[in-house]
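Chain naming follows the written order as A, B, C, D and E, and within any one chain the residues start at number 1.
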Amino acid sequence: MGLLSWLIVVPFITALAVIFTPARKTAWIKWISLVGTGFHLVLTAFTTWRFWQLAAPEAASMKTAQLMKLHLEERIPWFESLGIQYLLGVDGISMSMVILTSIIIFTGVLASWKVEERAKEFFALLLVLVTGVFGVFLSFDLFLFFMFYEVAVLPMYLLIGIWGTGPKEYSAMKLTLMLMMGSALLIVGFLGLYHVSGMNTFDLTKLAEATFPASFQKWAFPAIFIGFGVLGALYPFHTWSPDGHASAPTAVSMLHAGVLMKLGGYGALRVAVYLLPEGAKDWGLFFMVLTTINILYGSFGAITQKDLKYFTAYSSVSHCGFVLFGVAALNLMGMKGAVLQMFSHGVMTGLFFALIGMVYGRTHTRMIPEMGGLAKVMPWLAVCFYIGGMASLGLPGFSGFVAESHVFLGGFFGNPWTDATIMRTLTVIATMSIVVTAVYVLRGMAKVFLGPVTDPHFHALTDATLTERISTGVLVATLAVVGVMPFLLIDLIEASIMPIVNRLHASGVTVALH
Amino acid sequence: MEHELGFALRNAWLILAIPFFSFLVVGLFIRPRAPKLAGIVATLAVFASAGFAYALAVEYLSLGGHDGWKTIVPWSFEWLRFQEHLAVHIGVIVDPISVLLMVVVTTVSSLVHLYSLGYMHGEAGFGRYFTWLNLFTFSMLALVTAPNILQMYVAWELVGASSFCLIGYYFEKPSAVEASKKAFIVTRFADLGFLLGVLILGYFGYQIASEAGGSAQAFDFLFLTNPEVMGKFSALGAGLFGIPLLTLALLLVYMGGAGKSAMFPLHIWLPDAMEGPTPVSALIHAATMVVAGVYLVARLFPLFATSGDALLVVAYIGAFTSVFAAVIACTQDDIKRVLAYSTLSQLGYMMFALGVASFEHPLGYTASMFHLFTHAFFKALLFLGAGSVIHAVHSNEIWKMGGLKAKMPVTHATFAIATLAIAGIWPFAGFFSKDEILAAALGSGHTGIFTLGLMVAGLTAFYMSRIYFVTFWGKAKTEHASHAHESPWIMLIPLVILAVLSIGAGFVPFGEFVRFGAAHGEAHGINPMIAAAGTLAGVLGIGFAWLLYRDGLAERSGVIARALGGGYRLIRNKFYFDELYLFVTHKIIFRLVAAPIAWFDRHVVDGGVNLSGWSARVFGSAVSYLQTGQVQTYGSWFVGGAVLLLFSLWMLRA
Amino acid sequence: MISQATETLLFYLFATVSVGLALATVLSQRILRAAVYLMGVLVTSAAFYILLGAEFLAGVQILVYVGGIVILLVYAVMLTRSSELLEDHPSFVRKGVAFVAASAFFALATGVFSATRIGTAGDGHAPAAVADTTLEIGRRLLDQGATGYVIPFEIISLLLLSVLIGGSVIARRSLAKAEETK
Amino acid sequence: MIEQLATLAPGPFHWLSLTVLLFAIGIYGILTRRNAVGILMAVELALNSGAMNFVVFNKYVAPSAVDGQIMAIFVIAIAAAEVVVGMAIFVTLFGHRRTVDVTRMDQITDAAGTN
Amino acid sequence: MLMLPELIVIGTAFLLLTLDLIWSDRQRPALALVGLSGVGAAIAATLTLMPQSGELFGGRFAVDAVAWWFKLLFLIAGGLTIALSMDMLDGRIGAGGTQLGSRGEYYVVMLFNLAGMMYMASARDLVSLYVSLELATIPLFVLAAWKRDAQSTEAGLKYVILGALASALFLYGMGILYGLSGEMRLEAMGKAMQAGPAFWLGVAMLAAGVGFKLTLVPFHMWAAEVYQGAPAPVTAYLSVASKGAGLALMFHVFYRVLGPLAGHWDLALAIFASLTMTVGNFAAIVQKNIKRFMAFSAISQAGYLLLGFLGKPGDGVPAMLFYLLVYIVTNLAVFGVIIWYSNHTGRERIEDYRGLSRTNPLVALAMMIALFGLAGIPPLSGFVGKFFLFSIAAKAGFHWLVALAAVNSTVSLYYYLRVVRQMYIEPAEAGDSALRVTPAMTGALAVTVLASVILGVIPYFYETVSAQTAGWLQGTLW
């Protein structure tokens, strides 16, 4: 059992342990899941360190490499006759995503310390969901990738359906169906890849060597990109996100918005762009237009929202728009920005939803107009919300700025295959979102936290408890660390994006420019 | 570097490190436990950084500038790498204007910290106030010492954020919250322009840098302002709507500057920013943050000069703002609002000074920096003086004050010095810097701007003397004013120091230190004719104000107000710009854009999904409706199906 | 053994009779009468078998079909005699649909058959017909070799047995009622 | 006259059209009879025509073997089995519903639900 | 002795017949155990004989890898159904349930039916194919009417009439094909055939017969009422065994008879497969009765099974057999819970499953796993099976069909989740209390649920199926 398999198995074992503890002992259940996720955090740190030892020396050679290089690889044949194997590996991109997920699940468990009703199933399902997510980020066999992808999506239904609030069945069903519709597109794309490559293998690294005919790429790329886009809240397919997040319990929407939506961006980059460069070039502009709408649409939509969770859901639609915008820019800065944005937005939304859960736990209302002046009563939460807000509108010093500046520069610098002026105008339109984001973040924050205390019995509310302080503290610290010292994350990621960029340049004819 | 750098220059990073670590230490550890201690530690830290700045300045000067001052970047490390020629370095640039700004910022900031110890005594968020003040000082220093445009942008945003916190310090007051939001959003809108400008510069800079190869970094000022790069930039040809690309980029960058320095269209946030505590206004909205725009233009002056017409725009906007603000200032009743508009007007001064400067007539560049230098001191003094008056009278309304000359002697004396300084009366600093600006304007042939400048000088003298007379002369108009007493000594020390600086600053031989281009250009001395005109305007203003308000009453000015009728009311309401701003944001953006999008998403896009769900259900029930229960219908479906199958097999066979 | 001409004559005679009777079984109002007509059809088809040279088959047909199945049907009719069902006229729509389906099928089939050349009539002399079909059938039924049908023979017996058991269980009246109430 | 008769001799096509006609009538009977037993009769008709079809093919396509006829025998046996099952079910149904009118047999619907 | 499994099954049937006569009522429950052990012995025999292939009676009865697998699947289905129907027959039921009478005959008829299916799997000529098909179908008419109440007999009636119609069409189709080729043996007929219009008419009528058995779209109408009317164990048996038999029949028709003309019927088959899937899935959305719901789900599963026939003939065989195995196991798990619940409470509506997760958490979990298996959710074997089937369709270039199938399986997730929602999210009714689960039922449920999980994860099963049946078609036919 290699290191990476442990990363996937640890949450699963914790889930089993939780299942076998008697339902009455909710405290035990919480402590077991906390210890499990805590241990996982340590394990992730150790893996990152090991990965860094292996990857650092090769960073230079990756500049010209055309094929991605996996580290800490585990390869066990599974269905030989079909070329399916249990293949785990890690490179810069998936390592950063694993770190993100590990942080989010740890803080997620902490943030749901108050869940009492059927706590056993809740934590078990949460851990199964995160096992699926780890599986996706670490697997490099398309079949295994798809399998974990669906394992990650399914517990959502029960988590939202049972512990949710408001129209929970409706939104749980809508969320699950739309995500599964996305995965339907994926299965078409993956099988297309498998058969057209004629190499009788699902191994991503080997499929990269096959050259897919342009006609195939023309329809396969959009299928896979939109399949992942549905999860990455691509414009017309994002409608599940506001409802889904609004009625999901705190930890679930933390995990979902923070991590699951990143599967979309990750998959689009890893499978769609990497394997189908020709298709990426044809469709790049189309998806850039779509994601520009995504960015502005999400931020404008968030301004007039009454419910805090819808407010955050729309903001995460806009931020996920950045991710896909970066991927569609098809150049080094764009894609690097996309991965950075995935990381930073994951932490940010995790923080937002944790805070909203805590505020809701106290004021029992999520309606912005009904709240006001909470800063006086709960300063810790107010400051964290302020930091989260500032990070989301791209204030330098937090990871938001690092990611957004990459995406804007990537968008502005364009690529040799798409018309430069259109791409620049799209980037300019997308840049306007920094103002609109500022408007809705400040509006929301001011109305909820600043100003006089609206409701007399708000005075009786307490500030953050220890578990809440730790979870919000960890998230804020991550935002700040990546913001102040971005080179930690950038060096990790850049080496593994180069192959994708080189493949784009190598495939087909490239215009002289750069 | 022929000879070894001094201690300060070698570890120049201390200038940034001290305030940053003190911010972290105070903010995270000291504030929650001991707010009082937090204040003291913060003030000490800023004093330390001030000391270090002076040491740096002395060492830099000792390097000697006989053949033009060298700009050196003693320390920088790669912070954020986008691409090979596109990396952002955090570092410290040392050249005349950055040393000047470092000195000014640290001095004013330390004095304000000292003053706040007294002013904020007994406030609820005492520790929080000092943390944000420390953060502001750090970000201002980072802005000033930025060796590349992106570090300046990073610091630019941090300055905006800390000013948001400081303006919104009294977060329980809705008006303060509103003001802080407005400030942040307006400056953020301006920063959008700045970012776009940076993107354009970065893109074309990258092209040039990648051709040049080596370690050239597209964002560095040294790279941007070196001659052949500027040549390549100006040769770039037309960009959007036919405007040459360089000018377009610079105008966008200037938009960021205009936002921060509250130039005409984006000035609406500065008067409302007075909601923050007065020391904050003194520091941020008088001396430091607002001059960031001027500093930006100064830093990119060579580029602006090459593009030519970008400078013209800067000049005209600067001039218009100074007149516009001066006119409004005459009608305001709130002492801090008056000072805010006066700052606006003086910033207009500095901007158009830069605007008139060019390669041939670089005097404007020096004049603007000189005015920035002197203005920082006397404007800070005015604000702190006003602060101690408000502290005593507990109100901002000048009509509630009066007769404080006797009760607050020190404040009165320092306030008088500052008023004379801003009015441009001879021994005081204002006279020298204003005179240089007027000389620069006249020298470079902008006579229109020169006359405007003179008029503004008069107006400035008038409204400053107006609030002076109404506040200090005549009888106490209210209960509070009657038994007001002098502020504690901790608030008075900074006033005295600033007063001394307001006088002394004028005599500093600025020409040798800050000048553009090696040539000595025009004689630095005072041009008697302009000096006389300026002083005359100032004296006229003061005299006219004396006439109207010498006994601190309003009835004589009421007569003029009624005579002006509608026009007066227009000016008094600040040309209704605030209402326009509210209309644009609430009516247009919220109601006509945001709400429809939210509605559209909820009904149309969501509707699409629900529709597909509904149609699936309808198709499902239609199919299950076919199950009528009649066996023979099934039979006929069966045989019909067989026939259909035959046809499809027959038709579709390969 | 009977000459060509009489064969054709007999064929057409029996054909018209059997089609007429078939139509009668399907359309007649009274169910009992339909049973009788059915018997007529089966007898004529036995005649056809003789014409086609399958004498044994004709015998089986008469014995099993006419003797067994038709009698069963008559029992069924009597056991389920219900007064109002004497007149059996299906709704017009059903008749229309059924007619369309049946005639479509008929037209298609005849069209198809006319288009294909069936059997070896065309080229050369047809291979020698089997002399004594009954003997041949007997041998084939129990022959375990490649041409034998012993497996179907066994399977059909299983089928009949299971049908017998199942039918008796389903149709048991009194005993079933008693068992259910227990 | 006999020669004309000879030309009219029933070739394979004639036999087949006869069996198809009978089969079609059987189908028509199944789809229209309201009395369940009537349907059984129509089924017998169809199966009988199927069996005859085999015999015809046996005579014209593979006269040397008797496969068709053997098949016909089995078809007859199977027809018998179907009648037995049909009758058993109809009798019990009659016990419950006092009718074997097929058009009234639509009690099992989605709404029914309970056992 | 290649025919051993069939003989064992028939022997057990006769043994049961005699025991039923001798034993008194008190001993009767042991009949089920005898039946089960008989089927167990047959399974053992099949497993041992599996690697060999050969033919008896001069090619009339031949056995190859596919036939062995089909027989194994039928035996598994039969055995599990007997286990599931023990409670209902032995009267161990709650207040609401109805007891099935004459348990001895029930087992006998079922075993004969099972034998019929096994014979059909290895029939190589028209006569034995038709006779074994009838043996595999007619006992089901009887079983459908076994409960002898208004609903069950009505189901029986409909099944008989439509079954007779289908067998008449099938017979006529065979007649035409016999006429065109003059051959009785399937392979020989396939070779001697020329593809004229008559041939396509014959094939169409054969396809109608197959369609009836496999509930393909134009011929699926009977399924809803018969599944709902028939007693629950019989419905289970119908949905699993008869579907398998239909597939075996389709193998014969489409691979043996139509083998040489492989390319011709691909597109038509794709269209009918997509029709079956879509109709089955969308109709299932609005169903209220659980058995009728399972009928439509079975129809949609038949649609997925058809995907295996596309592309080069013989390619999809391993995928189809594996998916059939997975389908049998998962479907029987679901039916196990349905039988258990209707035994104890007599309720058959989906809403009646409210709050099951609170009263019987383990059974609810089993049902959920099985439903997710049917929906094709990883890591269960349903997902693996479906993935391989879709891969066959993709290999044949039918990408649009793969997309449609994937969308359909998402819609199927919706209505499976509707049931899960009732169990997990809706609160239980006031009066409900935990219901007793008999050992036989627990055993059957445990086996099926475990199998549905293990089959997907452990590659051994799929690998053996594909190893044995991969080169099947080339080897035997041409």
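Following the convention adopted for this analysis, a residue touches a chain if its C-beta (ideal position, glycine included) is under 8 Å from a C-beta of that chain, and two chains touch if they have at least 3 such contacts.
None of these values were measured; they are calculated from a predicted model.
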{"item": "If a chain touches subunit B and subunit E alike, it appears here", "value": "A, C, D"}
{"item": "Most heavily contacting chain pair (counted by C-beta pairs in contact)", "value": "C-D"}
{"item": "Chain whose mean Cα position lies farthest from subunit C", "value": "B"}
{"item": "Maximum centroid distance from subunit D, chain identifier (CA atoms)", "value": "B"}
{"item": "Most centrally placed chain - per-chain CA mean versus overall CA mean", "value": "A"}
{"item": "Centre-to-centre distance between subunit E and subunit A (centres being mean Cα positions), rounded to whole Å", "value": "43"}
{"item": "Centroid distance [mean C-alpha coordinates] between subunit D and subunit C, Å", "value": "6"}
{"item": "Subunit B and subunit D, separation of their C-alpha mean positions in angstrom", "value": "97"}
{"item": "Approximate Å spacing (C-alpha centroids) for the pair subunit A, subunit C", "value": "70"}
{"item": "Multi-partner residues of subunit A (each touching 2 or more other chains)", "value": "177"}
{"item": "Per-residue overlap in subunit B, given as positions that touch at least 2 other chains", "value": "624, 627, 629, 631-633, 635-636, 639-640, 642-643, 646"}
{"item": "Touching two or more other chains - residue numbers and ranges from subunit D", "value": "16, 23, 26-27, 30-32, 36, 40, 49, 56-57, 60-61, 65, 67, 70, 74, 78, 81, 85-86, 88-90, 92, 102-103, 105, 107-108, 110"}
{"item": "Complete list of chain pairs which touch one another", "value": "A-B, A-E, B-C, B-D, B-E, C-D, C-E, D-E"}
{"item": "Touch list for subunit E against partner subunit B, complex", "value": "157-158, 161-162, 165-166, 169, 195, 197, 200-201, 203-205, 207-208, 211-212, 217-219, 221-222, 224-225, 261, 263-268, 271-272, 279, 282-287, 296, 411, 414"}
{"item": "Subunit B residues touching subunit C - in the complex, by the definition given at the top", "value": "632-633, 635-636, 639-640, 642-643, 646"}
{"item": "Complex contact set, residues of subunit C against subunit D", "value": "4-5, 7-9, 11-12, 15, 18-19, 22-23, 25-26, 31, 34-35, 38, 41-42, 45, 48-49, 52-54, 56-57, 60-61, 64-65, 68-69, 72-73, 75-77, 79-80, 82, 84-85, 88-91, 94-95, 97-99, 101-103, 105-106, 109-110, 113-114, 118-121, 126-130, 133, 136-137, 140-141, 147, 149, 152, 156, 159-160, 163-164, 166-168, 170-171, 173"}
{"item": "Touching residues (chain side subunit D, partner subunit C) in the complex", "value": "2, 5-6, 8-18, 20-29, 31-38, 40-42, 44-45, 48-49, 52, 55-61, 63-67, 69-70, 72-74, 76-81, 83-92, 94-95, 98-101, 103"}
{"item": "Contact set on subunit E toward subunit D in their complex", "value": "96-98, 126-127, 130-131, 134, 138, 141-142, 145, 148-151, 153-158, 160-161, 163-165, 167-168, 171-172, 174-176, 178-180, 182-184, 225, 228-229, 286-289, 292, 342, 346-349"}
